[in-house]
Amino acid sequence: MSRNPTLEPHSTDVEHAAPTKSRKWLKPRLDWLLVFVPVAIVLRFVPSLENPTALFIVSCLAIIPLAGWMGRATEHLAEHLGQGVGGLLNATFGNAAELIIALFALSRGLTGVVKASITGSIIGNILLVLGLSFLSGGLKYSKQQFNRTAASISATALTLAAIALVIPTIFHQAAAQVPVGLGGWTAAKEQALSLPIAIVLILTYALLLIFTLVTHRELFGGLESKGIAKEAGAELTRMEAEEGAHAPWSIGKALGVLLIATAFVALVSEFLVGAIEQARETLGLTEVFVGVIVVAIVGNAAEHSSAILMAIRNKMDISIGIAIGSSLQIALFVAPLLLFASYLFGRPMDLEFTIPEVIAVAASIIIVEQISADGESNWVEGVQLLSVYAILAILFYFLPDVHAAATEIGGAGNVPAHQ
Amino acid sequence: MSRNPTLEPHSTDVEHAAPTKSRKWLKPRLDWLLVFVPVAIVLRFVPSLENPTALFIVSCLAIIPLAGWMGRATEHLAEHLGQGVGGLLNATFGNAAELIIALFALSRGLTGVVKASITGSIIGNILLVLGLSFLSGGLKYSKQQFNRTAASISATALTLAAIALVIPTIFHQAAAQVPVGLGGWTAAKEQALSLPIAIVLILTYALLLIFTLVTHRELFGGLESKGIAKEAGAELTRMEAEEGAHAPWSIGKALGVLLIATAFVALVSEFLVGAIEQARETLGLTEVFVGVIVVAIVGNAAEHSSAILMAIRNKMDISIGIAIGSSLQIALFVAPLLLFASYLFGRPMDLEFTIPEVIAVAASIIIVEQISADGESNWVEGVQLLSVYAILAILFYFLPDVHAAATEIGGAGNVPAHQ
Amino acid sequence: MSRNPTLEPHSTDVEHAAPTKSRKWLKPRLDWLLVFVPVAIVLRFVPSLENPTALFIVSCLAIIPLAGWMGRATEHLAEHLGQGVGGLLNATFGNAAELIIALFALSRGLTGVVKASITGSIIGNILLVLGLSFLSGGLKYSKQQFNRTAASISATALTLAAIALVIPTIFHQAAAQVPVGLGGWTAAKEQALSLPIAIVLILTYALLLIFTLVTHRELFGGLESKGIAKEAGAELTRMEAEEGAHAPWSIGKALGVLLIATAFVALVSEFLVGAIEQARETLGLTEVFVGVIVVAIVGNAAEHSSAILMAIRNKMDISIGIAIGSSLQIALFVAPLLLFASYLFGRPMDLEFTIPEVIAVAASIIIVEQISADGESNWVEGVQLLSVYAILAILFYFLPDVHAAATEIGGAGNVPAHQ
């Protein structure tokens, strides 16, 4: 995909006036955190320095810039592969860092953390990321506009995802009223129910990609294809272009950076997940709070900064594409993929979330739909999204470990991990 | 109502180009199934052929074309009675086949099946019928448009219906926390609560008809009045007109066909309901799955083919009118009517649905509202509706018989049938 | 804020043609009820006339005109204080009568009534008041239009409020599954969770006021600032202006009337709350029905008549501003304020509502959003809102006293009052 600046419809003077500022603002945020990568390695491998809490915190900080580099490399690679395959690459690897963290958690049987981080990624992207974007954009512009149709299709897909995530919980509640002998709830039935739902979700995602990247491509940004699929790195590329490095990376460089960044993300994710149990006990945090709030913020930090930056530059379609598209990818692609992966690990997971998680996802999706329905945003809409996020964070902070306790009393989730 | 072709706003060339194809496609679907009517009669009355499962399946297939003939006769009769009375006739008899099946089930105390088929008709029409319509229309047209205002008023009425169906369930949950001695839940209280709610629903439906057929008729299609009220057969009439049989039926013919079709629907419904219990045990299906999925598809098959055909011909207002209007009629008219009828049978029913049923209805209505809010449809919106239907069908397939089991533990519904 | 009639955009001839009628219609409704103020005082202080039921009913009737005078005085005072401070005054004192009643109920530990009246005020304003407004306006005008953007921002804020009111209930349900020893539910935790949520709500309200009154003032009516904040009395002032009393009240008169009306509201509220327990037992009504339906209608009667009058005069923005704005103020300002006040009384309250209350609020908000989304209203939309109100009133009529019973079995609310 060649980026001809003269064809770029949004390349206004206002936007080009501030590259220095944005560069200075972004780069430090992401890249100085790379210093925590060697620190994490030292903490992990020097026996005298063993301290799970410190390792957890340092690993969290180290993953943030690494995820950013993964995103950038994916985007550069996508440029070489043409719009179709490139879009697909972005659509499938855009949340690779979260996927890697979740896979490590899954391999250790931490299904509660995995599910909580799915919840957290969904609500974090549409409340925290979008809320901060609307607020920061709205402080600069009285009113910002975006493509209603594209936002609405994504919002509908999110509703579909919310329904899919509600069903296994409803199934448990209803089936638990029937004695097991008469066909009542068992963990195996929950898994049997979850598998076809996951298949429906991933098929829907595939069809949504065909809609976005093939049949209705023009709806999602024409020349730029800034739809739900390929935002994760596009804006970073553009920023770098403005810094003078106009040439896209070579395939070799892109592949190399992707491999190295992925390897480090995997390494540090392993540290993070290994330290999570001890660290959260020391910090007095519950499994669900760590999953929903901490891991989700860490895994999505790159999206956070990109979406906010785009909002400040009044490119709301990209900003919303990143936030909602990321949530969508987690719900329709990453969640089913993790379920399939759980069978490979021999610890079959189900898609049953706790009631607070289900309510949090449903509430987030309902409010984001309302806010995005009119194709306009302003600062108070950002405040409203952030208020909902704050209220949900308060809930998860006070909530005892429902995942863990539920197992004993048949309430919810992660049965395989505790059997 | 005279149909002057020259006044018909949508009679474009595109549409008239394909009558042969549509005729060939529709007629076989509906009418060759009539062969199952005599088969059902033979199976039922020849003792040596007694096989409830076969009788159930054959009766299901036989009702499909009979319901289509009932709808067509109703529509022809409506033409003779003028717009007001004719619209009312369509609005009250449009779902007569489902009503007859439900009445037979009610007379046998199968309230679980009755409620499940109400749920199934609501979700089937707005997810399966509308989903297939959007998908088949969307494969031909990139974007299809419809009247937002009419769709929005129907969608709001559906929300009202969803709220009304949620309340008795919430009442049970809340009242069950109070000991009976202090005013806690009893089946009689549930009935006492359901009766005035049913009256509110049917009054609202009556006022909605006045709005649709009298005060704001122009909103719903002007000359054609293709609103929520009279879609069930209008398109069939038009198709027949295109086949050469331009003259509407005489009153005598319409009445005769209506009486004969209704008699056969009643007969075959009696077979179907009589065989339902044994058949579903043989097939390993639960009461709720049979009610929500099987009976609902059978009872609505005529609407299915009509709505899809209209979507393929880009007449989205009629297509949506059939799908949403049918759901609305079930929720606001058929459900209260069945409740009133249950008092005549001496087996008072309530309006309490199980939690999975309530969630299914609410989820369907939420997603259909989102999709219809912008007045446009495309193929991926059809996919999204069908995905939600698939997910709900998976839920009802795996769900143990909550209605039956609930009675024992005070969870839900059909108390009269089991006392 | 000077009201220059020549600048007033809506001062059409149609409107000025009917002052006599509106005056005759309004004044009797509100002011002849003042006769019940002395009656209430006599009933309360003459020992031989002691009759709690009569006192309750008379107090209810007496508060209605007093609340109207408070609103009028607040508005006149606001005129002198300029738009910013005046708007703030309206935004904070618009529901002062309800606040006073609730404070008296709180001081007696009637947290169940307080919460029920919060619920009732929210649903009463958006269903009953708005429903009657749409219906009476719609009987005169085929279609009425209003500012979609302003209505949508208010509706989103209501959704935020609904989420905030759902969370404490969800917390209880989820935390109750964990034994107290492992961090399970306690009343103290519920309070600890509710306090920061209340702070988030009141901060959001403050920011919403800044948006409405400062940064985006023009969205909410330009010259007139008829936004969510200051409707409670503006229309009454205008009506009086039309009656000939064009001059606004002096500061002294406004302050004097405000003080006297407030004193009487406080006095009669004390009667009302003191008689509530015995009266409702005599009348056979539950705590929750009295709170949700009776107290809410009494406390909001002034808004009722104003909003309906504005709708009849086709000033839908004011009508909707009163109805939705009032609900918003209760949810985002009065509810947190009552929670803070409960700490001063030494009986800390939480924000946990019963499930029927939560469902009622959520259902009301969902339907009002749908109806207001298109910026148009008609009579059938009014009917739909009133139908939902009727259905909810039926629920609360049949519901046993969940608040009271819940305490014993750990189900919900008002723990401090019963310990």
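The letters A, B and C name the chains in turn, as written, and every chain counts its residues from 1.
To be clear about the criterion, a contact is a pair of C-beta atoms (placed from the backbone, for glycine too) under 8 Å apart; a residue touches a chain by one contact, two chains touch by 3 or more.
This structure is a prediction, so every number in the text was calculated from the model and none was measured.
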item	value
Rotation angle (°) superposing Cα atoms of chain B on chain C, nearest 5	120
Same or different contact residues where chain C meets its copy chain A, judged by the half mark	different
Rounded Å distance between chain A and chain C, as computed from the means of their C-alpha atoms	40
Chain B: positions in contact with at least two other chains	373
In the complex with chain C, residue positions of chain B that touch it	148-149, 152-153, 155-157, 159-160, 163-164, 166-167, 170-171, 173-175, 177-179, 182-184, 189, 192-193, 196-197, 200-201, 203-204, 207-208, 211, 215-216, 369, 373
Chain A-facing residues of chain B, complex	142, 286, 354-356, 359, 363, 366-367, 370-371, 373-374, 376, 378-381, 383-384, 387-388, 390-392, 394-395, 398-402, 405-406, 409, 411
